[in-house]
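Below is one structure, written out as structure tokens; comments come after it.
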Amino acid sequence: MADALLELMNVEVLYSNVILALKGVSLKVAPKGCVALLGANGAGKSTTLKAISGVIASDDGRVSGGSIAFAGQAIAGRETASVVRSGLVHVMEGRRVLPHMTVEQNLVIGGHMFANAARMRRALDGVYEAIPRLADLRTRTAGYLSGGEQQMLVIGRAIMAEPSLMLIDEPSLGLAPRMIEEVFAVLHRLRGNGLALLIVEQNTRVALELADYGYVMESGRIVLEGAAGELGANEDVREFYLGLDRDGGRKSFRDVKHYRRRKRWLG
Amino acid sequence: MLSAEGVTLRFGGVTALSDVSIQVRADEMLAIIGPNGAGKSSLLNVLSGFYRPQEGRITYQGLDILGRPVHQIASDGVVRTFQGTHLFPHMTVLDNILIGRHARMRGGLAQAFVYFPWTRNEEARHREIAENIVEFLEIENIRHQPVGALGYGLRKRVDLGRALAMEPRVLVMDEPMAGMNTEEKEDLARFIIDVREARRIPVVLVEHDMGVVMDLADRVAVLDFGRKIADGTPAQVQADPAVIQAYLGAPA
Amino acid sequence: MDPSGVFFTRYQRDSTLVRTRAQWLALAMFAGLLLSLPWIASPRLLAVANLMFITAIVVVGLQITTGYAGQINLGQAAFMGVGAYGASVMEVKLGLPFWVAVPAGGVIAAAAGWAFGLTAARIKGFYLALTTIAAQFLFVFVVLNLPSSWLGGVNGFSLQPARLGPVAFDSDAKLYYLFLIAAAVMVAGALGIVRSRHGRAFEAVRDDDVAAGMMGIDVAGTKARAFVTGAFYAGIGGALWAYQIRFVSVDQFTLFNSIWFIAMMIVGGLGSIVGALVGTVAIRAVQETITSVGPNLIERFPGLGTDLVFASMNVFLGLVITGFLLLEPKGLMHRWNILKANYRLWPFPH
Amino acid sequence: MIIEFLNYTLNGALLGLLYALVAMGFVVIYRASKVFNMATGEMLVLGAFLVWWAVASRGLHPAVGIAAALAMAVLVGLAIERFFFRRLIGESVFSMIMVTIGLLILTRGLVLVIWGPQERAFPALIRLEPLIVGEMIVPRPLAAAGVVAVVFALGLHWFFNRSRTGLAMSAVAEDHQIALAMGISVRRSIAFAWALGGVLSVISSIVYLSGKSLTFLSSEIGFAALPVALLAGLESIRGLLLAGVIVGVVQGLTSAYIDPLIGGNAASVVPYVFMLVVLAVRPNGMFGWKRIERV
Amino acid sequence: QTTVNLAAFADFAGPYANVMNDMQGGRLAVIDWWNKEVGEKMNVRIALKTYDTRYDVAQTASLWPGIKAELKPALVLGLGGPDAAALQQRLPEDKVPMLFGTAAYGFGWKPNQWALNVRPTYSHEAAGFIEWFRTAKLEGKRPVKVGIITSEATPAYADMAKGLQAYAKANPDKATFVEAIWTEVQPADLTLQVRRLANAGTDLIVIQTNTAQAVATKRALQSLNKNIPIMLSLHNGVLGSSKALGNPNGFAGDYEVGAIADASEDDTAARKFYSMLQSKYGAKAGWNSMTMLGMGQAIVAVRAVEAAAKAKGATGVTGEAVHAALISTDFTGAQLMGLLPGVDFKPENPFPTGSAKVNIATMKDGKVVRVAADAPVPAIPKW
């Protein structure tokens, strides 16, 4: 992967000048590649994406070390808008719709950089076709959509921008099983069209199906990386991320790890 | 214990719930599932008094609670967690949990102004309860961090802690496990099981992770487009073709 | 944050404000300094200190309404005016002593605050902020148009000095102690409030009022309480002002004053009582310095046009405020906390 | 009598439209940057002095002078973005309001230093003879204010709600961070907003002050226009027209029929009282974005 | 030589910034003159130090203790309402008198004041004019129908309307009060309000607030094609208002009135004094009514210091001595260089009453022309 589309080298991120959230993260996304970023809560996955796109600046954070290159250009510290214009969009965690706008307005704004209205229209139709649910909701105010509907909307909005690299933070969050299949089908199709993806996902199974390479983060560091297949076979990943027991069967949530249970509370 | 009868809820042209009836029995875990936009969150909002349905009745411990102020319903024991998080981002984890104690504390403004020892002792008493919850949820290391700086998963845990601090008599949870990896889901599942064992309270759970729902729930209700299409044990529901068609898609 | 090596064995200790011996010592020295100020400070400084005490009380109240409970209030000066008029009526019309009139002023202002607080249950955000400006206009209109035998109308009120037994608070030095005590009590009270369940409820309502309701907090009541508290502080400040100036009229309480109160709060840092004090002192100090620099500049360089010098002072003041906000938009307390955090971690940067 | 009543109503409505035009300064900047500009009145004074300087002081032909003033106002707007708001993107709404307050103090000081406190005769750029319709008398500047307000409101309404650029700017008003992540240049949006604010300040100063006197205190109209902005709803440009007319008429009739009765100035508080009442019923003004409260 | 310190309050950045320069120039010139021509002989020198109070009570209140301690002033040259509000209760205790060059207000009308105005109230001045107007223009046949345009922006402005009303009520044979038009400080349009006055047969419109209201009223009259004379006060006089109107002769036929020398072109004593100050002392102030305010205030100040020095000796010029001199001395018009008709403070009135006379000037061909000197001021009941 010599000519990676996105390359992070030893990136460090500092929040409020005191909290060091990333402690030297290096990762690469090949052109048209798909990379999954896994990790526990608070590991720094979202921070990584925010550092890449630059929105971290408005969270009182900054990239304090290392380098980030996108399509050969150093982008660390650049203004988000210009990074996004160069072909990278970031779907932030937390269903960040524009609440007072209708679904269609949200999508149109997603395609605000199209030169002419006809191309925008085409992209819009493309999104409606990919996620038909959005077509039904087009005149609804985004802020009143259900959680899952909002999730679909932000993904649709990102597609509108026709990026070459998409950073997605937890796309399956809050989606019903059938919707997850649909959304990932869309992502598969986009991959087929040459879109590169960096995806943070807790639904490890589908993520590893989609990705060809994966990284596992733990408290601000990459602790494990490998091809998607390898990772899927790793014992820890199987236990902690896929929820499988040693022989590959699914454990029941009812009798998991009661040994770790500490009944100090209400004891 | 808590029940909705014939609830219909409309927003302008959108019918979020139509004629939905649901009963939460004492000491059971009821899961509500359904596709996105089916009306699950809306139903929880109706139960906790935030939405006022156009038709139907909500009863809690035998009393009609429709139209009661939200905060009263909450302090009477119908306690919930939120889809997404609705924590107080600028407050610390501990303060968020202490908010759960608010309705159980008594001191008035004037007492707070003078801050005599009894105010301080009351604070300390409740602080102790909050600390127990912190310990139970294993979030000791972040207790003084503002919640806004936490990742999604930890927030969900704090959200649960805050609800527990309210001493719920019915615990209503909206997608508590979204955004967690399997290990964390297991932890949370454990917390929920513990709470139920220790408190013997009913839990209403909305969740999209079928593994969790099928393993934990005693009973499952399925909503689709605002209507209840199924209600039964996990096994019954999982086998229901209407449910598979509307929700599960390929067998999980 | 606690210095390392400090551990608490009881939760009570955690809510204590002063924890270590070093903190006690610093506080004692500060108190000593404050108590001896009338002997060591120039009369001008003393007058400025008096003004700072009054302003600090008002700004601390604003901090509770706005910084803690998130209800932006651009009418704090009007509530201050209500307090001043309230106290004046008590003193002038009813002949009550100042130690009744001052709290009464606070209570009357609190009642006015309550009326506005009720609207806060419905009107939110910017809309609320800008409707509080209405408090200003209504205040002026009501005072000027009620029969002048009620609130003095255009004539205002003249007051006798506050009197406690044989002591008349008629000089800056005497008023200094009165105001110092009042400010200390009010600040201590504010610290109590923000540490209590009410303080937390205020913050919860600020951060997310919908969720707060579902957590058993009576949102409308809490907002009203936040306004009542803030207005009470403004009223106490206004009442003290009445006893300092001993003449009260509507034009002493302007929208511009409210704006300055907001500036003080923000410069200090939102959501911090100490921040309110710091901000008050900082802005008043800058204002007063600029005011004193003007005449001296002119004396030294008579060639400079008087008008130009004084007008430039305004530009300078504007630059200080905006410059400050650009460099430290989260307020002085934020910077202080970062400094403290860095100090704790020293020698490691993070 | 009835004619008189109609005349008060009409002039009140037109005055209200003048307020609407001034209030547009608040709304446009808010709509494209999420900043509530407390210095709107001061901006107007600045715009007015630019016009005065170009037309009255330098003696340029009015058309040229106004063009020059507009150009300068745009530059001022751009400079404000560059020096003040660029650093604050994503900061709390509070800091931004505060900066506009700082701007208010600063602008006032600068106007005093540059032009001094004297009263200046603002050139009569609009003919002064009133329009006489039957027994009704309508001052021409007010009529002009009405026309300009309507034209601008409709134009800007279209821009912000229909054009893609305008929509993108509205996204900035929703949330700086989302806008950034979508590749919208928050910077440019803010710059545009302030430049537009500059243009509006020049235009409204012309209709407000033509033939009157100008000092730095003319900024007071900013606070008179405030209730109009709130009544309309902070995001609604078209709504300003209706809100302006309502406030203007209520104020006009109060000043005509109530003030003489009570011997006081109820007309100055009536817009605020009216605003309070309406907001109690509709907390986001008549056409503002409704606060979305969901869990 | 003994130095007597005086403090002066100014407002270079607030609402009166526009008039401050001339006023200050007038103050300084008079003091320079007195130091040279009177003080030197008495071995007394007056030093004036100026403070910007921004027309703000809090500012004055915080400055004052410092001024008092540092300067130990024997007298303060105040500027207006806020200075009085901040200090009127303190001055008797601090034993420092304060003088204002502006007209007084009803609310300052209290006995035993240390804050004194060298002119009676605005309403007194208006009443003096109305009585002259009645005889001169209406041949004394009927009461003058008078309306006032003012604002509630400050209590002082509101007071003007109340005082005028009180006068009309007490003298129904002299004046009929038509209406007070309440408007903003910077009105957008007054056409209909003025038409209401015109329709009521108003003979005279009084505007003692500010220039913006005068200009807006003038524009309204022009729109209506009406010619009702306007009576202005000195601080918003005909010259300034015409300039602000953009027409040097805009207020032709209107009047400016004050119980102080007017800025007319006539060769009055005040004018001569001013010319002398200009040529010999380089007075940095134009020939206008604002300068007159500064000069009038300063001349009473220096004469009071002079009287105190004569009574108590050069070193005895304390605030108390100056106050005593102010109250007990009847300053004549000649002593005051014709700047004021005479000043006779009485303990019960903090402004001259017995000697108060108004000068009335009008505008003709772009010039201020005196039409009546020393028109007497009637008595008005306290309001």
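By written order: A, B, C, D and E. Residues from 1 in each chain.
Definition applied: a residue touches a chain if its C-beta (ideal position, glycine included) is under 8 Å from a C-beta of that chain, and two chains touch if they have at least 3 such contacts.
To keep track of the chains, here are their UniProt names: A, B = ABC transporter ATP-binding protein; C, D = Branched-chain amino acid ABC transporter permease.
This structure is a prediction, so every number in the text was calculated from the model and none was measured.
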| item | value |
| --- | --- |
| Label of the chain whose CA centroid is most distant from the centroid of chain B | E |
| Chain located farthest away, centre of chain A as origin (C-alpha) | E |
| Gap in Å, rounded to a whole number, between the CA centres of chain B and chain A | 27 |
| Intercentroid distance (Cα basis), chain D paired with chain B, Å | 47 |
| Centre-to-centre distance between chain E and chain D (centres being mean Cα positions), rounded to whole Å | 36 |
| Interchain centroid distance [CA atoms averaged], chain A/chain E, Å | 74 |
| Residue list for chain E, restricted to those that touch at least two other chains | 12-13, 17, 20, 152 |
| Junction residues of chain C, two or more chains touched | 141, 144-145, 210-211, 214, 307, 311, 313-314 |
| Per-residue multi-chain contacts in chain A, two or more chains | 19, 144 |
| Which chain pairs touch, all of them | A-B, A-C, A-D, B-C, B-D, C-D, C-E, D-E |
| Residues of chain C defined as touching chain B within the complex | 10-12, 14-15, 188-189, 191-193, 195-201, 203-204, 206-208, 210-219, 225, 228-229, 271 |
| Residues on chain D engaged by chain C in the complex (per definition of touch) | 36, 38, 84, 87-88, 91-92, 94-95, 97-99, 101-110, 112-113, 116-117, 223, 226, 229-230, 234, 262, 264-266, 268-269, 272-273, 275-276, 279-280, 283-285, 288, 291, 293-295 |
| Chain E partner contacts - residues on chain D that touch it in the complex | 7-8, 11, 15, 18, 56, 109, 112, 116-124, 128-130, 137, 139, 141-142, 208, 211-213, 215-218, 220-221, 224, 252, 255-256, 259-260, 263-265, 267-268 |
| Parts of chain E lying in touch with chain C, wherever the complex brings them together | 10, 12-13, 17, 20-21, 24, 49-52, 54, 57-59, 61-70, 81-82, 85-86, 88-90, 93, 105-107, 110, 152, 154-156, 158-159, 162 |
| Parts of chain A lying in touch with chain D, wherever the complex brings them together | 53-55, 57-59, 79-85, 89-92, 96-101, 105, 108-114, 117, 120, 141, 143-144, 157, 161 |
